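Step one of this worksheet: look at the structure below.
When the chains are written out, they are named A, B, C and D in that same order, and each has its own residue count from 1.
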Amino acid sequence: MKFLPAKLERKFRRLKKHSRSSLTRKLDVMHESARKKVIEENCDAYKNQKQSEYECRKRPTKFPGGTRETFLSEGSFHQAVGRVLLVAEFFAMMPVKGVTAKHPGDLSFSWRNVRTCFCLVFIASSLANFGLSLFKVLNNPISFNSVKPIIFRGSVLLVLIVALRLAQQWPTLMMYWHEVEQGLPQYPSQVGKGQMGHTIRMVMLVGMMLSFAEHLLSMISAIHYARYCNSTSDPIKNYFLRTNDEIFYVTSYSTALALWGKFQNVYSTFIWNYMDMFVMIISIGLAAKFRQLNNDLRNFKGMHMAPSYWSERRIQYRNICVLCDKMDDAISLITMVSFSNNLYFICVQLLRSLNTMPSVAHAVYFYFSLIFLIGRTLAVSLYSASVHDESRLTLRYLRCVPKDSWCPEVKRFSEEVINDEVALSGMKFFHLTRKLVLSVAGTIVTYELVLIQFHEDNDLWDCNQSYYS
Amino acid sequence: MKFLPAKLERKFRRLKKHSRSSLTRKLDVMHESARKKVIEENCDAYKNQKQSEYECRKRPTKFPGGTRETFLSEGSFHQAVGRVLLVAEFFAMMPVKGVTAKHPGDLSFSWRNVRTCFCLVFIASSLANFGLSLFKVLNNPISFNSVKPIIFRGSVLLVLIVALRLAQQWPTLMMYWHEVEQGLPQYPSQVGKGQMGHTIRMVMLVGMMLSFAEHLLSMISAIHYARYCNSTSDPIKNYFLRTNDEIFYVTSYSTALALWGKFQNVYSTFIWNYMDMFVMIISIGLAAKFRQLNNDLRNFKGMHMAPSYWSERRIQYRNICVLCDKMDDAISLITMVSFSNNLYFICVQLLRSLNTMPSVAHAVYFYFSLIFLIGRTLAVSLYSASVHDESRLTLRYLRCVPKDSWCPEVKRFSEEVINDEVALSGMKFFHLTRKLVLSVAGTIVTYELVLIQFHEDNDLWDCNQSYYS
Amino acid sequence: MKFLPAKLERKFRRLKKHSRSSLTRKLDVMHESARKKVIEENCDAYKNQKQSEYECRKRPTKFPGGTRETFLSEGSFHQAVGRVLLVAEFFAMMPVKGVTAKHPGDLSFSWRNVRTCFCLVFIASSLANFGLSLFKVLNNPISFNSVKPIIFRGSVLLVLIVALRLAQQWPTLMMYWHEVEQGLPQYPSQVGKGQMGHTIRMVMLVGMMLSFAEHLLSMISAIHYARYCNSTSDPIKNYFLRTNDEIFYVTSYSTALALWGKFQNVYSTFIWNYMDMFVMIISIGLAAKFRQLNNDLRNFKGMHMAPSYWSERRIQYRNICVLCDKMDDAISLITMVSFSNNLYFICVQLLRSLNTMPSVAHAVYFYFSLIFLIGRTLAVSLYSASVHDESRLTLRYLRCVPKDSWCPEVKRFSEEVINDEVALSGMKFFHLTRKLVLSVAGTIVTYELVLIQFHEDNDLWDCNQSYYS
Amino acid sequence: MKFLPAKLERKFRRLKKHSRSSLTRKLDVMHESARKKVIEENCDAYKNQKQSEYECRKRPTKFPGGTRETFLSEGSFHQAVGRVLLVAEFFAMMPVKGVTAKHPGDLSFSWRNVRTCFCLVFIASSLANFGLSLFKVLNNPISFNSVKPIIFRGSVLLVLIVALRLAQQWPTLMMYWHEVEQGLPQYPSQVGKGQMGHTIRMVMLVGMMLSFAEHLLSMISAIHYARYCNSTSDPIKNYFLRTNDEIFYVTSYSTALALWGKFQNVYSTFIWNYMDMFVMIISIGLAAKFRQLNNDLRNFKGMHMAPSYWSERRIQYRNICVLCDKMDDAISLITMVSFSNNLYFICVQLLRSLNTMPSVAHAVYFYFSLIFLIGRTLAVSLYSASVHDESRLTLRYLRCVPKDSWCPEVKRFSEEVINDEVALSGMKFFHLTRKLVLSVAGTIVTYELVLIQFHEDNDLWDCNQSYYS
């Protein structure tokens, strides 16, 4: 039906109909007329409205030159993520210049920038702290529980280095992201534009607050603990001796070292929480881009669209896939560290949960910390799985393409959606989907069951053990 | 062969044949003639008969206006599920008005309805009961076995709330279901129409009876047990002290509280059984719709049908898929709770099965209860897997479409059947298929093996433990 | 290129070529000429020869009427499996009449036949034996090891009943199989025709011999054991008291009962071995049919075949798939029992393997039996996985279809091969593929590792335990 | 658009455009012009350059006759692997003649060659050594740890035999590889040509050096150990008594036997390391071939290429797949042995890691050996997974084919890439992909967790145990 002019085509179709059996013809006629009636009556007005909207919305994409300012204030990922990165920079991560600038073109990375220097100094400081922890752990019998400080500080150090490398790529990534965003169908309303930014800000806020609350509780319980394991008469000294035991294992107590240890602890805790939030934020951004495309497809669901419409959408879908791939390459090491860390810490905490708590303060801190940990892990898993879910949702609208609009482009589009596995991954070893959440949960439950079955009180709360995280 | 009028087409085909090698031509002729002969001799009469049936059956769909009464009495899901929901309403679930009405349009939900009020009161009462259980459990050492009452009462409470939310959506869901049903090819006979309703009623009846039998046995064994752990001289008081230990842990014995506890127990047990049956019933309904479509495809299996036939079937298939998706969104939390509950209770019962029974009454109750639990879990799994199985069966008929009828519509249909995973799910974390049943069974067996290997008699039947479920 | 007569087509192609860029045209010309040269020089002679063979081989399929005798003696599954079923009938299974007849049309099942009566009597006898075993096991503490006799006798009983039901369907199944076989491309040589039958006979022979050897060893070790656990002075009585402990647990010793027990043991052991061999034989038959089709495709690999050739092959492939499905429905319960039995017995034997053997005779018997069990399980797994492997192999030849012969029929064929999972299954819960073998092996190894790690000598060889299988 | 000459086509397209709604037409015009502009401005120059390159590069493939010498020195697998095989021959493996020859046609295998004889003699010697180990192990209680020598020597023996069989097939395989290589698009630069060879040499070098370092450390720790378990006064005798305990278990000490044992140990260790490296090297070779194809596709990414281009690439892709399949058939037993060996040895070493080390020399050797083992396993896994990764990468370029160039050949190509699972395998039981690495790692971690949880010091370092590997 694509190879002959419309006039001829219509004629041929008439001829073809005559040549078929009368039964089939009648059925066809019935179908055709029923279908036409429905479409004409219900859809025409709506369609006209939609198509005029479509035309309107296409214009800014065509002439974005002069309207750059207005355009940029409309739901771009770069803008939404600006303040989040600013917070990260304060905590010595991601030293990129211009994160709050309006255009991603203003982003830049330089080794001589003060942020980068601060970051490098902090990496060196963390390395020293990691070395001290390692020394203490290796000089004591190794167990599943005792390697906790190494794993904690080791992964923080790893994330710091990966973040530094990511900072170098960040300007390029954001420029590509910006290009993809400009090619996408625009948000129909101002509400839609702000939604992604709002979600990102809320996730960051809630995450930071809970993390702060946990740190406070941890301090309270540590003070209690320090009083209980009374090594000296000075309560502040007792507290620092406990929380920075890896430092005072090799050297005698000094206030400067204690403060350095405290600073190191606060920063490490933040970074340890931030890596989860960072994965969430990237996932929210990617899922939002797929949702933007899906919203447009939903608006034209079941309508007769030109092949060029589908071709355009397919290329946009492809662009987001490529974006997703690039982001995954850039952050997959962080994702890997974040996931394995969460898995390890949940197992350790569950192991501890079987022991009796030394005090109420400990119990409160412990259960708050455990629930926060599980909640955060679930949130990371579900937010990152949403990228995959949104990318599959496109198929739902392609399934509703009417018979007459079914063209090779739609076919190619739907085959690409079916066969590509679009998802963030942990270094390509696993893809972050909802099925993964189940299998991870299953693993934890199995481990916990085995633990419960053969439990003997190991007394993990004794005074000589490394306490702080 | 679709681009030229029939006359030209035939001519070209003749020309094409001449241009091929004589060998290939001869082979083709042989094939053609053989195929034609078979079709003409065997199928023509059958086909004519079928097609006239098809025409007849199409009529009610075309003019359903006046025959609404007769049409509605013919195998709709709304009618089949009516009495089942009535029973649920008696047990304070799903407070929808008009469940036994003939048309789903008469369904309605109102917060001021007496059913809704009863439901809300019962939720409040359950909440109180749950709180008491939680209090008792937290004041005793926690183990895999001791959390049983919380999990039991907690999931009942959760299901009650989800059912309330579902009741609000029920009228809309049933209307959509009704629309999908009207679009489907009609049942050829009165027997087919009644089958789904019959199955649903039988499942409900058998389920209720077994559940009732289990409750009776549980009462008998509890009376035995109460006599054995003789705390007071009053046997009735002893019984209530045992079965409602969570109430009398905080307060002293009173008959009113005992009766409230008994009422709560009976209702909770029903709801705990009902959630499994509800998932089964929805699954039976959805599978029946796929079967209805498959039956039509089977009737025309291997015949030359017009593309419009396939297009119509494809859209019907799509509609059932969408229906399946909507139902899954509505009930997936119930499915999740039902599955995890069953898994947990089987593990707990298997753990108990290793201990020696205090009396014969206990042994009878225990093994009946265990077999009922495993049987019910298997039934839920297999009925819900049948939705997926039936949806895949469509492919079998599409594989038999003859060469000449193979058109883009059939291709699109078969691709959609292949690539869509149509199944109920537990919040999209897992899909209910037969493979899941195996992996669940495998998990239970592994757990049991580990248990047996390292078993020591934990004496779970001591008098101080929470007894009832 | 399919819509216009050859003359016009050639003209258009010439025109098209002129309209393209000269570069592309030159490349095309180069390709075309190179391809043509290769095909013309190397393939023509071969092709002619093959095609004349093809013509020749098609004739018997066209006129099979008169040549029925000669045709039937050529590699049909019915003939290959005849003697195997005869052996089964001797052991009271599969009471079908006419298994050694030349044509499957002579097969029949009747309830009044002497075979059926023998079979029913044996089922009743097995039921009695099963009841005695059950009684003994329930009156002793239950463990993973002690339920062995129930599982052994229970599964033999189940297989007997399934085999009886299968016997009723056998004539229909064999007729369908015969039809599919007649539609397939014929074997090119006499060697190919006999291969399937030869493999089946060898599998049966080796299986029976090893099973006989194992039974002899079991008797020797039982005699040793009986002497060691000297309960009476009569060695024969001692032997029977040990091997039929389930009988003499309820009644006192009598020679008639001892002989009945022995007879029951011998028959049960055979049936227990036979169910594995039966699954193997069905798998060999199905895989052979796929291989027959693949051999034909390999002969014409890379050649230009008419669409009718592909259409024919696709329908043949479909027929074998349907046959595979029907056989799977008929035997999947046997497959399920066979697999779970093997898994259970391997686990039990591995558990026993950790204990010290009471004598050398025991050690020899035990290790022979264990190796035989593992070998048989592997053989069943691999033979049944070969059905799936052969069905996938078809794809290899479809990948080599040259560009010009690539038509909708080949496309449809390859899509069906890709998307259909053709394999025997255990009641659709699992499909028998090579991946399954790995996961089963992994499960056993994990179990064994856990066993070894926490092993304490359970002394499973004490005198009071049920000995025989 | 393929069925009519260009002139007519253009006319029809114009007519078709008029017959559509003006809106759609306008949109299309906009799209067309935008697309054309971009292509014309940016791509034309690049395209012309690329296509002339393409023409140039095609020439050597067309006339390779006279330029054989120069052609052969350019990145063929045969040349890259030459020295690697030479080293293997020195260690009595793969006795093929002509491995360093310039052309694979010079390869040959003969039973009478001195290499083959050496190889056969060494197999006999290994068999004797294996027999002695087996004898010692069977005469002691069997445990997970004590079977280590059998598994070590048994797998070395198995690999030797497989390598001998592989040597017979090697000339044919290399000829096929050579043919595939000649058909592939040539490397654009001299750097690309040498890359594969360089990687292979580096892997071999690093592997050999680490293996040598590990052997030295093992000797040092064995000397320490021998001194500690002082059985005789002669330190050299002590050393040999320890490292060849399987020999001196049956016979008294003699220097000749001790030297034979040492020789056997050194060679076995090399072969045990070499099998991993061999799998890596084959993987690197296969991945490089896919990369070569992908590089060509990347050069023409997004451009309008003739169908013949895609057809050619598809056939090349198919050829590499077939090559991959042939190599997999030839080496899959080695892969299987290599993987299961690594898994077993990691588990054994982790089990040992829980015990306290007798000396610092032991600790250094032990941890070096463990890290080397894990690193080697990871390297084998990742290199062999890269074959699969590279084969999937092709899809990325096919996704970017522009709308107008989308032809049946591209479709067929992309479907083949999607549906074929191209990867090395362990006897088809598992495919070597990144997902496998995760599941293997998960298994090891689970095993380790269970170990740690229930650990009691088993004192695996006692003096009477078999020491050497």
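Operating definition for what follows: contacts are C-beta pairs under 8 Å (C-beta built on N, C-alpha and C of every residue); 3 or more make two chains touch, one makes a residue touch a chain.
Predicted, not measured: the structure shown is a model, and the values here were computed from it.
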item	value
Partner chains shared by chain A and chain D (touch criterion as defined above)	none
Chain located farthest away, centre of chain C as origin (C-alpha)	A
Computed distance of Cα centres, chain D from chain B, in Å	49
Chain A-chain B separation of Cα centroids, rounded to whole Å	34
Overlap residues in chain C, where contacts from two or more other chains coincide	3-4, 450, 454
Overall pattern in which the protein chains touch one another (line/ring/star/complete/other)	ring
Chains touching one another, given as label pairs in label order	A-B, A-D, B-C, C-D
For the chain A and chain B complex, residues of the former touching the latter	1, 3-4, 12, 15-16, 18-20, 23-24, 27-28, 30-31, 389, 395, 399-400, 403, 406, 411, 414, 418, 434-435, 437-438, 442, 446, 449-450, 452-454
Residue ranges of chain D touching chain C (in the complex, touch as defined)	2-7, 51, 55, 62, 143-144, 306, 308-309, 311-312, 318, 321, 347, 408-409, 412, 415-416, 419-420, 428-430, 443, 447, 450-451, 454
